[in-house]
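Reviewing the structure listed below.
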Amino acid sequence: MLSEVVRLRAEIERYSRQIVLPAFGVEAQAKLCGAAVLVVGAGGLGSPAALYLAAAGVGRLGIVDCDAVERSNLHRQVIHSEAAVGGHKALSAAAACRAVNSSIQVEAHCCRLAPGNALELVRGYDAVVDASDNAFTRYLLSDACAVARRPLMSGAALGTDGHLTVYCLGDDGPCHRCLFPEAPRPEACGRCSDAGVLGPVPGIIGTLQAMEAVKVVTGVGRPLSRRLLMLDALQGRMHTVKLRAKMVGCVACSAAATITSASLASYDYAAFTGAQPNDA
Amino acid sequence: MLSEVVRLRAEIERYSRQIVLPAFGVEAQAKLCGAAVLVVGAGGLGSPAALYLAAAGVGRLGIVDCDAVERSNLHRQVIHSEAAVGGHKALSAAAACRAVNSSIQVEAHCCRLAPGNALELVRGYDAVVDASDNAFTRYLLSDACAVARRPLMSGAALGTDGHLTVYCLGDDGPCHRCLFPEAPRPEACGRCSDAGVLGPVPGIIGTLQAMEAVKVVTGVGRPLSRRLLMLDALQGRMHTVKLRAKMVGCVACSAAATITSASLASYDYAAFTGAQPNDA
Amino acid sequence: MAARVKIELSGGLEIIFGNAKEYTAQVPSGASGKVTVLDVMLYARDHLLTERPELFMKGNSVRPGILVLVNDVDWELTGELQTEVADGDSVVFISTLHGG
Amino acid sequence: MAARVKIELSGGLEIIFGNAKEYTAQVPSGASGKVTVLDVMLYARDHLLTERPELFMKGNSVRPGILVLVNDVDWELTGELQTEVADGDSVVFISTLHGG
């Protein structure tokens, strides 16, 4: 705690506009500077999520992505410059975050989130941002967060629509499986790469994910648990709806869970979702 | 138009995810690539607004700011890196936009928006983003857009709240003066620099400003004219309310306007708002 | 009996509903004599859906991945298919998004 | 006569209203016998405002820079101070923001 205070003093100027804010203040800033957040995916959602978390001062920021930057990413994945095309997304994103804030710890994980590493990755952080782009990873990450009891800021964007909710928060916050116990058929799941997405749409959702992560790790404000924010960017419509609590009998997050610390690594997500994490 | 098509072909891979989108497509992308947008302010709102407009492919992007990057900007103004501290904001933002998209034209205006240059600046672009941080500039920019008939994406953020609307659009869209004919007293206007602001809040609003600008210049979707989007980031609440049309007798945008192309330059904004554009 | 209900489609589901995100429909009651979300769903399938019904329903309910809201509340909290609806109520079918 | 009205403050205005963004109040009618936004404004000033009334009102209306919404609609469209309100209506006072 003392070292935290010392570090915070050195950064007082950087964070002065947040510290001066009555609703936030030095206490919340200290919590943020002492927190660790994992961002899974350094694409359309992960770009602003990682950048805003780094800038606002999260103490340790992990970024997971196994892909390389492609030219077709640049229209929405603003954390990557043209010069980064061909390089690792996780490294490019980490470098951008360090350039914005060298006082925080940034960890690039150039690997795919997989049943074999998900729990270990998630357990290394206090909160997690789901900035992935496929059903396989979304179920896996939610399960890992349910098992490890880590709050998960889940965002998604496709076309001109976006969704945002917080999973696995507190005693009654549902997980992804509570809402969607059965996975949709792959043909019902659009991905950015085939269905298209308007650049600022994941930008809006990803920035909101950073905001929710800040709220969750500082305890300030009311996180979007048991609520879903829906964005219709074309209509300029945004509203929040009420969601169920944790489901009795959920295989991932209830007392009767069958997906556990021991079993998660061998769960067949490909069979369950009918898809691979890298499916187009 | 032919040169536009040629340029677009060269950039087809970059914009492929927007072109493939049925609601957007090649036509809207061509319009965007042929459009010019001016972003006034390269701070908390202007950072994501400029970055997302550049990435999405606006053909010509102007950035106006006379300030230098300060350390206390970095927590929210993610377009600037630590290395840019002390340098011109407009230059730093322009360089970041060029790094993301070298195929567009980026123009840095290292000057303050003033009664003497506002009309000329605004007339050089098809649409304008108000990413400024004070009442003086907000009235001036709205007046210039009313006189020059340029749609204005007006965003604002303070503390944990944000507002967004589009002014001066079409026949019935109001201007800032239609809503607020009399300026508030300076002591009623918080600025980020004194009242504080949580980093992601201007990020959300600024990205939404980019989205509205894309809609306005492409004619896709329903812009937030005569509507105000209100963000309460702490509550995770966002909703849209209905606003008045253009006011009969508005001094800036009605048939009876007294602020005109000829008179704007000599209008005393300091007397009207009781403040300077650089007031803290 | 019937109820005048606003039916909304989102998350890409509008594509199989003639690309319209919003309908207002006079939905007739089912066997029970009351209008339920089940009746709304069947009405949407029979009168509004334009293609690929398998992307909307599976068996006697919506397909996996679709969330249903009655007046902006998750139908799990209101009684799912048996939720009664009345004039002016809204029923939203949202396809969950996975993109990023 | 009186109306049970939800009164909301936003854009920083909540600071002079005891830092609460939302109140529900039984607002008594004014001289006309009906409850209007004028009555809501006066009620807010007399019962909810905790400091610096000059940041809320000027003369007989709200101060410049405050936008008033009645049931999410700009009061300019509903009749400004003379807009009638009834049980369950909401009146929002928003201070316009200038920060960025």
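Letters A, B, C and D mark the chains as written, and numbering starts fresh at 1 in each.
In the analysis below, contacts are C-beta pairs under 8 Å (C-beta built on N, C-alpha and C of every residue); 3 or more make two chains touch, one makes a residue touch a chain.
Per UniProt, the chains are C, D = Ubiquitin-related modifier 1 homolog.
Since we're looking at a predicted model, the values are computed, not measured.
With contact taken as defined at the outset, there is no chain that touches subunit B as well as subunit D. If each chain is reduced to the centroid of its CA atoms, subunit A and subunit C end up 30 Å from each other. Inter-chain centre distance (subunit A to subunit D, centres taken as mean C-alpha positions): 39 Å.
Between subunit C and subunit D, the centres computed from C-alpha atoms are 38 Å apart. Along subunit C, no residue makes contact with two or more other chains. Residue positions 159, 192, 195, 197, 235, 239 of subunit A are each in touch with at least two other chains. A linear topology is adopted by the chain contact network, the touching chains following one after another without closure.
Chain pairs that touch one another are A-B, A-C, B-D. Interface of subunit B with subunit D (complex): residues 41, 43-46, 131-135, 138, 155-159, 161-163, 179-185, 187-192, 195, 197, 202, 228, 230, 232, 235, 239, 241-244, 247.
Residues 13-24, 48, 51-52, 55-57, 71-72, 74-78, 80-83, 99-102, 159-160, 192-201, 203-204, 207-208, 210-212, 214-215, 220-224, 227, 229, 233-240 of subunit B are the ones touching subunit A in the complex.
Of all residues in subunit D, those touching subunit B in their complex are 10-12, 21, 55, 63-67, 69, 72-74, 76-77, 92, 94-100.
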